[in-house]
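Take a look at these structures.
Common to both upcoming complexes is chain A, partnered first by chain B, then by chain C.
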Partner chain A sequence: MKFSLFFQNDTIAFLPELFLAISILVVLMHGSFLGLSAAALYTYLTPSMIRLTSIILFISAFLVINNPIESQTLWNSIFITDHLSIWLKLFVVLGLLACVSVSEAYMFSVRLRAFEFFFFIISICLSLCLLISSYDLLSIYLNMEFMSLIFYVLAAWKKNSYFSAEAGLKYFILGSVASVFFLFGASLIYFSMGTTNLGSLGLLTENLAGCSPLFYLGLICLISALLFKLGSAPYHMWIADVYEGAPTIVSLIFASVPKLAIFAVVLRLVYTSFWCLFPVFWEDFFCLCGLFSLFIGCVCGLGETKIKRLLAFSSVGHVGFLCLGLASGSVEGIQSVLFYLLIYMLTAIFLWIYVLHLDLTSDNSFLTFSDVIGLVRSNPVFGLGIALMIFSLAGVPPLGGFFAKLNIFVSVIDSSYYLVAIFAVLTSVVSAFYYIRLIKIFYFEKAENWFYFAPLTKGAAFFVVTIGWTVIFFMLSPNLFYLLIYKIAIGLMI
Partner chain B sequence: MVDPIIFIFLMILGAGLGVKVISTQNPVYSGLYLVLLFFLGSAISFLLGVEFMALLFLLVYAGAIAVLVLFVVMMLDVKAVESVWSSGQKRGFYISSFLFFLCLVFVGSSYDLLFLLQSGSAWIIHVLASFNLVYSEDNLKTTINVLFDGDLADFFLLCLYNDIINDSFLNNASWFVNFDSSSALNDPSYLLYSTHAILLIIAGVVLLIAMVGAISLTLQKNCPDSLHKQLGRESKNAIFMVKNKSSTNPLNLHNFKATSYK
Partner chain C sequence: MLLNSLFLLLIIGVFGLIIIPAEHRLFLRQFSLSITTLVFILSLFLWLGFDHSTSKFQFVVNNLWLPISNINLVLGIDGISLFFLLLTTLIFPLCLLASWTFEKGNLKIYLISFLSMELVLLLVFTSLDLLFFYIFFEAVLIPMFLVIGIYGSRQRKIRAAYMFFLYTLLGSLFMLIGVVYIYLSVGSTNYEILSIIKFSNYNQRWLWLAFFASFASKVPMLPVHIWLPEAHVEAPTAGSVILAGILLKLGSYGFLRFSLGLFPQACIYFTPFVFSLSVLGIVYASLTAIRQTDLKRLIAYTSVAHMNLVMIGLFSGTVIGVEAAILQSLSHGFVSSSLFLIIGVLYDRWHTRGVNYYGGLTHTMPIFIIIFLFFTMANLGLPGTSSFVGEFLLLVSAFDANTTACFFASTSMILGGVYSLWLFNRIAYGNIKLVGCDLNYREFVIFLPLLLGTVFMGLYPNIFFSVMHASVSNLVWVESWL
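So, the complex of A and B:
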C-alpha cells in the first residue's frame, strides 16, 4: 500500500536531526537506568558513553551525506536544505566526533563523571545542524537559544572550580542579553517587512527605494547579536574569561564547532535575504567589525601569558579576518570565508587537543607558559607538529593557514579595499609575534626541573595526525577543498 | 478601546499594589502582592483584546517569575518584621468580615437583590463610562461596546442583559458566524500546530535540555576520589608516573617512581 505523509520530504531531509533527537533520548535513558541499582550507584559510564556517542555521530555523518532531497525549503519554509547546509553539517559532525574521541583521558583525570556531558554533546550536534538549515528568523532564534543554553550549562560544568562558575555565569548573562537583542531586531524587521522568512525578506527588499530607520535598527541588533555569539569585537569581552574558566574539553568544543553554524546563519542573512543592502550597510559594518577584531586580537594577545586566553584572543583575530572576507561582497569572498572557517576549525581542534594534553599533567588550575616548556624533549614529533600548526595559524606559507589568509586578501583587494588590506597585513604581522613566541618557548627555553608529559591517547593521536597531515601537506592537493568550497558557495548564491 | 476612566482606575489600583510590594516588611507578602500585580497586568491585556497575551501573562509571570521570586526568598534569609494587630483591631476585622459574608449570602440567595446588584453595577459602569446619570438601554449597550472589544463586549452584555438571548443560537439563523470565528485565543494555536509545528517540537527539546542541565549542574553525587580511580582503572592506565613535588635538587630524575595504584 503506498501512501505519503504531509511532511514526508521534510522528514526524509531531516533524517540526521531526527536520528540525533531520538539518540539523545536513548543516551539519557541508557545513562539513567544503568546507574540505578544500589550496587551500580557509582558506575563509571564514561568509556561506554564515549563509544556510544562516537557511533551516533558517525552514523549521523553518513545520514548527512546521503541526503536524497534536492535543494529546497522544508517545513513550511522554516528550514532549508542545500549544499551549504549539507557540507557544513558534515564538518560540524566530524568536528564533534573529534572532540568526543579525545575526551576520555581528560574526563578521567579531571573527575568529570556525569554522563549527561555526552547527552549535551549530541544535543549540540542537533542544535548546530538545525541552526545551519534555518531559513526563518524564528527558527534561527530558537536554535541559537538551544545551542547557547547547552553551552551555558557546559561552561559551568566543574562544580568545585570558581573559574568554571564565573565562566558559566558570565556567558549566561551576556549571551542571554545578546539573544534578547536578536529577538528585538527580529521583531523590528517583522514590524517593517511583515514576514520573518529569509527568502521572502530577500524578495521584499529587492528594489528598495528607502527603508524605515526601524528596519536598520532591527538589522543592526540582529547582526550584533550574531557577532556577539561569534566573539568578534566590539562584543569580544566574554571570550577570554569563558575560554579560560570552562573545562578544557568544553573550550575545545566552543572553539571549533559553533562558528561554522553561526557563520552559516550570517551568510544566509547577508547574501540571501538582505543582499540589496550590501553597499549601504553591510560592507561598512563588516569592515569596521573586522578591523576592530583584528586590532583587539593582536593587541590583547600580546600581553597574555595564559595559554587558553591567548588562544581565545587569537580566535577574535581570526573572526576579524572572516568579517573582512564577508565585507568583500563577491563570490570569492564567500569562498574565502568558508575555506578559512574549515582550516580554522581544523587548526583549532589540533591546538586545543594540545592544550587538553597539557592540562592533564598541569599543577595549577590555569595553564601558563611555564607548562609549555619541554614538550619537544619528551615528544619531538608532536612538538614539530604543533610548531607547524602555529605557523599555519600565523599565516606562514606553504601551510594551510597561509592559503586561507591569501584567499581572504585576494577577495578584499578584489573589492578595492586597499587600506583595509594593508591594516590587516600589519595586524597579522604583529599577532605573529605571540605565535612565534610560543614556538620559541617550546624549543629554546630551559627550566630547572624536568617536566613530564603523558603520552597521547589513541583517539587524540588519530585526530592529531589526520589534521596535521591535512593542514601541513595542504598544498600537495588543494583541489579537494577548493572544489568543495566552490560548490558550496555557488549553492548559496543561487 | 478602553475608556480613560477605567484605565485610570486600574492604574491607581496597580500603583497601590506596586507600592504595597515594596513597602511591606514581609518578603513573602511582597511576592504575593507581585502576583496580584501580574493578575492586574493580565486583566489589562484582556481589556485590550489580546487574550492570548493575557493568558501568557498568567502562565509566564505568575507561573515562572513568581516562582523565581519564591526561590530567591527561600535562598536569602530575610527577617520579616511584622506589626502585630491589637485585640481591638482583630475584633473589628472579624466582625466586619462576618457581616460582609452574611451580606453576600443574603444577596446571593435572593433574586430581587441579585437583580438590584446587577442593575446597580451596570449603572455605576455606565456613569463612569459615559458621564451620564440617565440610564437607558441602548446607551448602556453602546457604552459597553465602546469600552470593551468585540467578544468581550458580547460577554458583558450576556451577563447583564437577558434579552440578548433573543439573538441566541436557537433563534438566529446565522449562528455559525458567531460560532466559528477565530479570536486572539485560537489564532496562535492554529498556526503553532500547523505551520510552525516543527518549532513547537524543537521548543520541547529545548525544555528537555534545560531540565537535564539544571539537574546535572546541581545534583550532588559525591564519589570519593579513590573509588573513582578504582572504577576507571583499565590496563592502559593501571601503571602511571607520579610527580614528586617535594624535591630540592635540580636534576631529580631519581625522584620519579613508577607506581601501581594500591
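So, the complex of A and C:
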C-alpha cells in the first residue's frame, strides 16, 4: 500500500462506502432519538426515515458515478475499483433506492414500526458495495457474511408469523453452512497458492500445468458457496421458502440486488483469478449448474400455485441462464451475463412491487392464483404492464428479456455448445407455459368478487413507469446498454 | 421513406388509441378504421411505384439499430413480399369493419391489439434483416394470444390460446439457435449479405431443419397443425380472419424467403420430406374437413389443405411453382378470410356455429348466399376464381417435380369439391331452419373488395405474375440452382 497516496487514492475511491458507513451511524442516532415515543414511531418516523434513506442512497449514487480513480487496487489490494465495480455499485444503489421508495405503504400496513429496517437497508448497500469491490478472498468472505447476517435478520422480521421465523431460521442455518464452505475453500486455496489476493492468484495460476486435488476441492467449495447465495441448483432448496416466508418488502430486496453483487464476485473469480482453469474446470461446472438450474426452475415452477414461490423458482431458472452465459468463456459471455443481470433486476423489481401491493390487499400472506384475478378490470394499464413484463421474463420478442436471452444464446453458440442451447430452448418453452398461465389468470378468468388493488404510491408509480418503459421499449434504442456493457466486460477481461 | 411512413402512421394510431378515453367507443372504432384505411391507400403507392424489371429490393430504408454488431432494421420490398404486404393492409380494415358491432369486453385492448398486430406484420413482411424478421415473427404471438384468450367465445379459448402460443414458440426457439449461428458465422444478419454467402452442405441441412421447426408450425404442416383448428374456432371473427388470411402466410413466406433463399442445397435434399408431409397434409386435412360439424373448424381444415398445396409448389424447384405458390397464398388470403367473414355474419345473427342448425338460408338471405356460393366455388378451385389459377399451376409444377405427389395432391380438388359443396348444400338449401336478415350495407362493403380481388386474380393473373417474375426468377435460378 502506498502510504503516501493514502488520501489521494484509497480514501477518495472509497468515498461512497465511507459516506454510507457514516450515514449508518446518523440513521441510527436519528432513529433512536426520534423514536422515543410509540406515537412518534408510528406516525412520522417511518416517512422521515424513508426520505432520509432515499437521500442517502441518492447521494451515494452520485459519489459512485463520479469516482475519479481509474482501475487500480486499493487498501493493500483488498479492494479494487474498475468499471465493473462502479457500474454494478450504481445499479445496486438504484435498486435499493427503488426498494426503499416503495416501502412506505407496506410498512404502514404491516405495522413494521422499527426504524432499524432502514439502518439495515443502508448496511446492505454498504456491504454490497464492498462486496462488489472486493479483490481478496478474505474480504469477499467478510463482506458476504456482513450481507448475509443482515439478510438472515430481515427474513425473520415479522414477529407474528411462523413462516417468517421459519424462513429466517432456514436461511440462517443453510447460509451459515455455505459461508463455512466458502471459508474452507478459501483456506484450501491459500494452502495451495500461498495468497488470497485475486490478482496474485491470477498471476500464479497463469501457466499452471496441473493442480493438486486440494486446490480443486477448494475451488468447488468456494464456488458452491457463491452459487448457494445466488440460488442456483443444486443449492436452490432455500429459495422458495425464504422468498415466501419473509415479509414481501424483504423478498423484493432479496430478489433484486444481491445477485448483482455475488455475480460480480463470481465474475472476478472466474475471469480474473482462475481464468486459465477455465476449460478444465469452470466451463463444465457452470454448464452443469446452469442446465440443472434451468431444469429445476421450469419443472418446479409448473407445480406452484403460490405467486411468491413461482417467482422464486423463476429466479432459479434465470440464474441458470446466467450460469450458461458464464460457461461460454468469451467476452460475449460476460456481456450477456451483465446485460441479463440488469434486465432481470429491473423485471424483478417491477414484479415484486406488484406482489407487494397484492400483499397489501389480501388478508393472508399466501398469495395464490385466486388473489390475482381481476387486475385488468381495476388497473388496466398496470395489468398490461405486468403482462408485458411477464412476457419479457418468458423471453418473447420484442421486449427486453428476449434480448437478454438472445445475448446468452449468442455466447453459448459462440462456444459451440449446441446441445446446451437446445436444452435451454426446451426449458424456455416449458417455463413459458407457467408465465402465460399467469397472464391467462389476469386476463381470461372472471373474478367472483370485486377485485380491489391497493393504489400505487407515488414512489412505486415512478419506479414502475420508469422500469416499464426501459424494459418494454428497450428495442428502440439498445445502443446505450450495449456500449456500456461492452466497456465493463472489456475492463474485466484485461 | 414510404415504408417508414406506414409504420409511423400505425404507431400514431396505437398511441391515439391509448390516449382516447374508453367511453367514446364509436370514435375509437372510426379512428382505427381510418388509420388502417390510410395505411392501405399508402401501400397501394408501393405497388404503383414498383419497378417490375429488377429483382433488387425497392423502397429500401436502413434504420440503424446496433451498428457495432451489423444488425440494423433494414426494410424493403421486392416482388415476393409486395403482395403479402398489400394483403395485410387490405385485410385489416375489413377486419375492423367486421368487428364493428363487437360488444364483448374491452374495446380499447381489442383495437390496440389489432393495430399493433398490423404494425408487426408489416414489419415482418418488409424486414430484410434476419434477426428482426425473427423478432417480429415472434412478436405477433403476444397480441394474438390476447385476442384469442380475451375475446374468444367459449371456455375452450384458453386451451386454443395456449396451443397457439406454445406450438409456435417451441419451433421458433429452434430457429433462434439457427439465426444466432448464422450471425456468428457470417458476422451480419442482413439478407442481402446472407444471400451471397454459401453455407456448407452440412451446415445448410441443420440450419434448414432449425428454420423448418419454426415455419412448419406456422404453415401448418402435418404433425404440428393441431393448433390451427383450435385457434381458428375459438378466436373471434376478426381474429380468425387475421389468422387465416395473414398469419398462415408467414410460414410460407418464411420458407420462401429464408429457407429457399439461403439454403438451396438443403431444400433439394429435404424435398421428398416436405412433399410427403404436404401430401399427407392435403389428403388428411381434406378428409377431416368433410367430417366436421363446426363451420369454422371445417374452413380451418381447408386452410391446412390449401397451405400444404402451397408448400408442394414452393419445393417443386420451378419458377411456375414458386409464383403459383405466392398467388395461391394470396388467393387463399382472400378466399379464406371471406369464408371466415361469412361465418362471422352467421355467428353475429344466431351465435352458433353448428352446421345442423342452419338450413334453407337461400330463401331469406339471397345476397348473402350469392357471396357464400361464390367463395365456396373459389374454395374448391372453380376456374374464373384466383384459387383455380393457383391450384392448377401448383399441380403443373408438382407434376414437373414428382408425378406421384401431383397425383395425390390433385385429390385436393376433388375432396375440396366434396367438403365445400356439401357444406354449402346443407346451409343454403333444404328445409328452412332459421330466418334472418340479409346482409346490411357494412357487411356488403366488407365482401366487395375480396370478391373483386378474387375475380380479378382469377381472370387476369398476369398483373400479379408480372410483378413477381424478376424476384422469383432470381430466387430460383440464380441463387438456388446455380
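Convention: the second predicted complex is superposed on the first by the 478 of 494 C-alpha atoms of A that agree within 3 Å, B and C clash if a C-alpha of one lies under 4 Å from a C-alpha of the other, contacts with A are read in each partner's own complex, and residues count from 1 in each chain.
Throughout what follows, a residue touches a chain if its C-beta (ideal position, glycine included) is under 8 Å from a C-beta of that chain, and two chains touch if they have at least 3 such contacts.
Every value quoted in this text rests on a predicted model; they were computed, and no experiment measured them.
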Which term applies to chain B and chain C once both are placed on chain A by superposition, clash or fit? fit
By residue count, which of the two partners contacts chain A more extensively, chain B or chain C? B
Using the superposition on chain A described above, determine whether A:Glu166 touches chain B (first), chain C (second), both, or neither. neither
Quick note, chain A centre (C-alpha) to chain B and to chain C: the enclosed angle in degrees to the nearest 10 is 160
If we overlay the two complexes on their shared chain A, which of chain B and chain C does A:Phe433 touch? Say first, second, both or neither. second
First, second, both or neither for A:Ala114, with chain B first and chain C second: first
Go through the superposed model and pick first if A:Pro478 touches only chain B, second if only chain C, both, or neither. second
Which of chain B and chain C A:Ala156 touches, first, second, both or neither: first
Touching A:Leu406 in the superposition: chain B (first), chain C (second), both, neither? second
Distance in angstrom between the closest Cα atoms of chain C and chain B, superposition on A: 18
In the complex, go through chain A and note every residue touching chain C. 376, 380, 384, 387-388, 391, 396-398, 402, 406, 409-410, 413-414, 418, 421-422, 425-426, 428-429, 432-433, 436, 439-440, 443-444, 475, 478-479, 482-483, 486
Quick check on the complex: what are the chain A residues that touch chain B? 10, 21, 24, 28, 42-44, 46-47, 75-76, 78-79, 105, 108, 111, 113-114, 116, 119-120, 123, 126, 130, 138-139, 142-143, 145-146, 149-150, 152-153, 156-157, 159, 361, 363, 448-450, 452, 454
Give every residue of chain C touching chain A within the complex, in rising order. 65-69, 106, 108-109, 131, 134-136, 138-139, 141-142, 145-146, 149-150, 157-158, 161-162, 165-166, 169-170, 173-174, 176-177, 180-181, 183-184
Chain B residues within the chain A interface of the complex: 195-199, 202-203, 205-206, 208-210, 212-213, 215-217, 220-221, 223, 225, 227-228, 231-232, 234, 237, 240-241, 243, 245, 247, 250-253, 256
